[in-house]
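All chains are identified by letter, namely A, B and C, in their written order; residue positions are counted from 1 within each chain.
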Amino acid sequence: MTEKTPNQITEDLLRPIFQTSWKFFAVVAFLGAFVVAAFAAYAYQVYTGIGVWGIRRPVFWAFDITNFVFWIGISHAGTLISAILRLANATWRRPVTRCAEVITAFALSIGAMFPIIHLGRPWLAFWLIPYGSERQIWPNFRSPLAWDFFAINTYLIGSVVFLTLPIIPDWALVRDKAEGWRRRVYTILALGWRGTPRQWARLESAMHIMAIAIIPVAVSVHTIVSWDFAMAPVPMWHSTIFGPYFVAGAIFSGIAGLIIAMALLRKFLHLEEYLQPVHFDNLGKLLLMMSLLWVYFVFAERLTAWYGNDPAEMVVVWATQRGPFAPLFWTMVVCNFLIPFPILAIKRLRTITGTVVASLAVVIGMWLERFLIIVPSLSHKYLPYSWGDYRPTWVEITIMSGTFAGMALLYVLFSKAVPIISVWELKVGKHGVGSRE
Amino acid sequence: MEPKPQKKWAMVVDLDRCTGCEACVVACHAENNIPTVGAKEAAIGRAMHWIRVERYYEGEFPDVRAKFRPVFCQQCDAAPCEPVCPTYASYHTSEGLNGQVYNRCIGTRYCANACPYNVRFFNFYNPVWEKPLHLQLNPDVSVREVGVMEKCTFCVQRIKAAEIDAQAEKRELKDGEIQPACAQTCAPRALVFGDLNDPASEVARLAKSNRATRLLEELGTQPKVIYLERESWHDGENS
Amino acid sequence: MVNAIYGLYATPDSAQQAVDALLGIGIKDRHIAVASSEPFENYDFTRREHRTRMPWLAVAGGLAGGAVAWALTSLTQKSYPLITGGMPVSPWWTNGIIIYELTMLGAILTSLAALLISARLPVWGAQVYDRAVSDGMILVGVVNPPQTSRIKISEALSSTGASYVRQSG
């Protein structure tokens, strides 16, 4: 691989912004179709009633909250990679940070829609906002859903700030290279950035503070999401392990999502020289570690339940391991551990293709894990007379596929407007000049 | 004279009297404008019976017995459904009831998941009463729209009406004056409603019986429905 | 067009020499303008701007956020006491979670505001800048140079290896 000059780097990384082929429009149209279908399905649901979903008594949450927890989990990629690696001064992070931060911002936006999507009366969702109302409407701060509101908003604002601040110098770069309407748009976006020493120093201070602040926020967000379950007296929900378990699972699925996104970008934007096998190798090692951590948590939780032999909990344990949910459960184990472990542990297999295969398996496995936490427990609560089951309907499936397509679409549009690899940070890295961030 | 203590409404269900006739279910539907969801919806588990009679079989043939347990909102003093509602639609009233405020409900369904007794019901669609069935609606009770959670209220409309009457007539409420629809209809008089804080009331007397148990007491929900049964369901050998 | 004289330098070392030369002929620090496409932290010409109170501002913002959250939860709960689940009307356990989140949000928003204000972003008016900065050149110059010094400044900039020197205004 030849060493690139700074100007070559600029040209390579800005090319997706300045050059658009017909394939871009084809991809946008394809993904857009799924997104439009999801919106239509949702409009149908709001008009007709939540009965068009498959939820029923006693399984009042299913796909909706599975997707909510799944997307919030995916959003933990950016924080870990970007913030922790920034603080640890790991230089290999430089091409990866923006990809990761973008995943966080978009996955979080999608995940944050689900608390509204799943409402029976979504037009009243604003009642979660504490505003002075003459009708004495006020949120109940003891409810984990109120905690969700504050946590997710804090994390969303924080990660958007964390994402956008280091983009400003790159927008200045695009402004300087562009002509015509592009120049006008990016002049506004760049906020008049010049790169004076004062601006750089303040930016780096802000980034440093943000990196320190965003990590505890991310940990708290998924902990609070897990407490949506742990605070209710439902068998296998009311467990003290849920906070750390969910955070570990989120980071696990987040890294997998990041690897997939990076592989796609590498292929479609021709970034082979920038997203190199070493990046996938390093992320693959992290993914391996998270897979082992996931196994540890699942084993610890299930061992405690099995050993304790509480009748209500054992029903749920057997329902997932031997009963009607067994196919999904064992698929999850295969996807989260049996497939990724050999691929990621054996160096020869830990190639770009290998890590992508492992990551796809993990994404599927982690979605199943969320589903298997919610539905088997709700199906088998304390009174056997009221046990039930669940089947999804086309509305839920359409909305779910719309979110996956929407995520991809947002990513495609973002990489068209913003350099997906941070140009100035990459150039700093090439000099080998130590950076305070 | 000392002021009377705050009311604490409770219900006593005598399982040795319950015949499983389910007249209480019908009465509850009639009194509280509960919709019938239709066969298709009921088949997937969306039927809305604020009071239901759970039927269990005990023993082997020829010593089989059917046992009936009416289950409805236990009006728990430490209700798990109350703190989880983000809009205070589920809260504890000063008279010990678990209040469900339909207008505040935005339909997160968290309360239904948290309830260990599965006594909360969700309006998956807008309820429809084809004419002339709309004439059967009780004007004292609201009709809930789609997306709202509902459950047994101990016929709070009857409680309030009786309290207003008593206050207007400047007298105390008499024990047995308030009859929720289910208690009113129960032929074997298995359901008894009253004020637990009134030592002279029938529920207070029955609550002290040595047949008294509570459902899922070990969960710490402090339910206010007291079940009377001559023996535990788990040792069915001796009758 | 801004009244300025500036030179463009290809390496940070030559830019440092230029700044030193300007200081040598008596130009004040605050009249010297520098613009670059990278931070160049280890060089003196950037170092003078490194002291900042931003972390303390972030802490202050966090405390403010926490106080707001405490008021929002405790005071409203106590003024409209509603019992749920047998819990106290204003539990520290649950209020603490909201206080924590708004503390972090306060720190984040304060840092953002501090950045925008102290870096003077956004700025729309004309400034000393050259598109060549995005090609990796470092701009070093003087804003509003006094008429008497213009020749000296040009010489100082040229002698330290500028790719070219521009006068404007």
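Here, a contact is a pair of C-beta atoms (placed from the backbone, for glycine too) under 8 Å apart; a residue touches a chain by one contact, two chains touch by 3 or more.
Note that the coordinates shown come from a computational prediction; the quantities given were computed from them, not determined experimentally.
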Task: Chain occupying the most central position, where position means C-alpha average - done: A
- [ ] Tell me which of B-C and A-C has more C-beta pairs in contact.
- [x] A-C
Task: chain A and chain B, separation of their C-alpha mean positions in angstrom - done: 43
- [ ] Report, in whole Å, the distance between the mean C-alpha point of chain B and the mean C-alpha point of chain C.
- [x] 64
Task: Distance between the centres, which are taken as Cα means, of chain C and chain A, whole angstrom - done: 30
Task: Junction residues of chain A - those touching two or more other chains - done: 138, 140, 142, 146
Task: Sites on chain B at which at least two other chains make contact - done: 80, 83-85, 88
- [ ] Going through chain C residue by residue, note those that touch at least 2 other chains and give them in order.
- [x] 82, 84-85, 87, 94
TODO: Give every residue of chain A touching chain C within the complex, in rising order.
DONE: 6-7, 10, 130, 136, 138, 140-142, 146-147, 150-151, 153-154, 157-158, 161, 165, 168-169, 172-173, 176-177, 191-206, 209-210, 213-214, 216-217, 220, 224, 424, 427-428, 431, 433-436
Task: In the complex with chain A, residue positions of chain C that touch it - done: 33-42, 45-50, 52, 54-55, 58, 72-73, 76-77, 80, 82, 84-85, 87, 91, 94-95, 97-98, 100-102, 104-105, 107-109, 111-112, 114-115, 118-124, 127-129, 131, 133-136
- [ ] Going by the contact rule at the top, pick out the chain B residues touching chain C in the complex.
- [x] 77-85, 88, 90-92, 222
TODO: Under the touch definition given earlier, write down the residues of chain B that touch chain A in their complex.
DONE: 41, 44-47, 54-56, 71, 80, 83-88, 104-110, 112-114, 116-118, 121-126, 145-149, 216, 219, 221
Open item on the list: Quick check on the complex: what are the chain A residues that touch chain B?
Closed with: 48-51, 54-58, 60-61, 115, 118-122, 124-125, 127-128, 137-140, 142-146, 149, 228, 231-234, 378, 381-383, 385-386, 388-389, 391
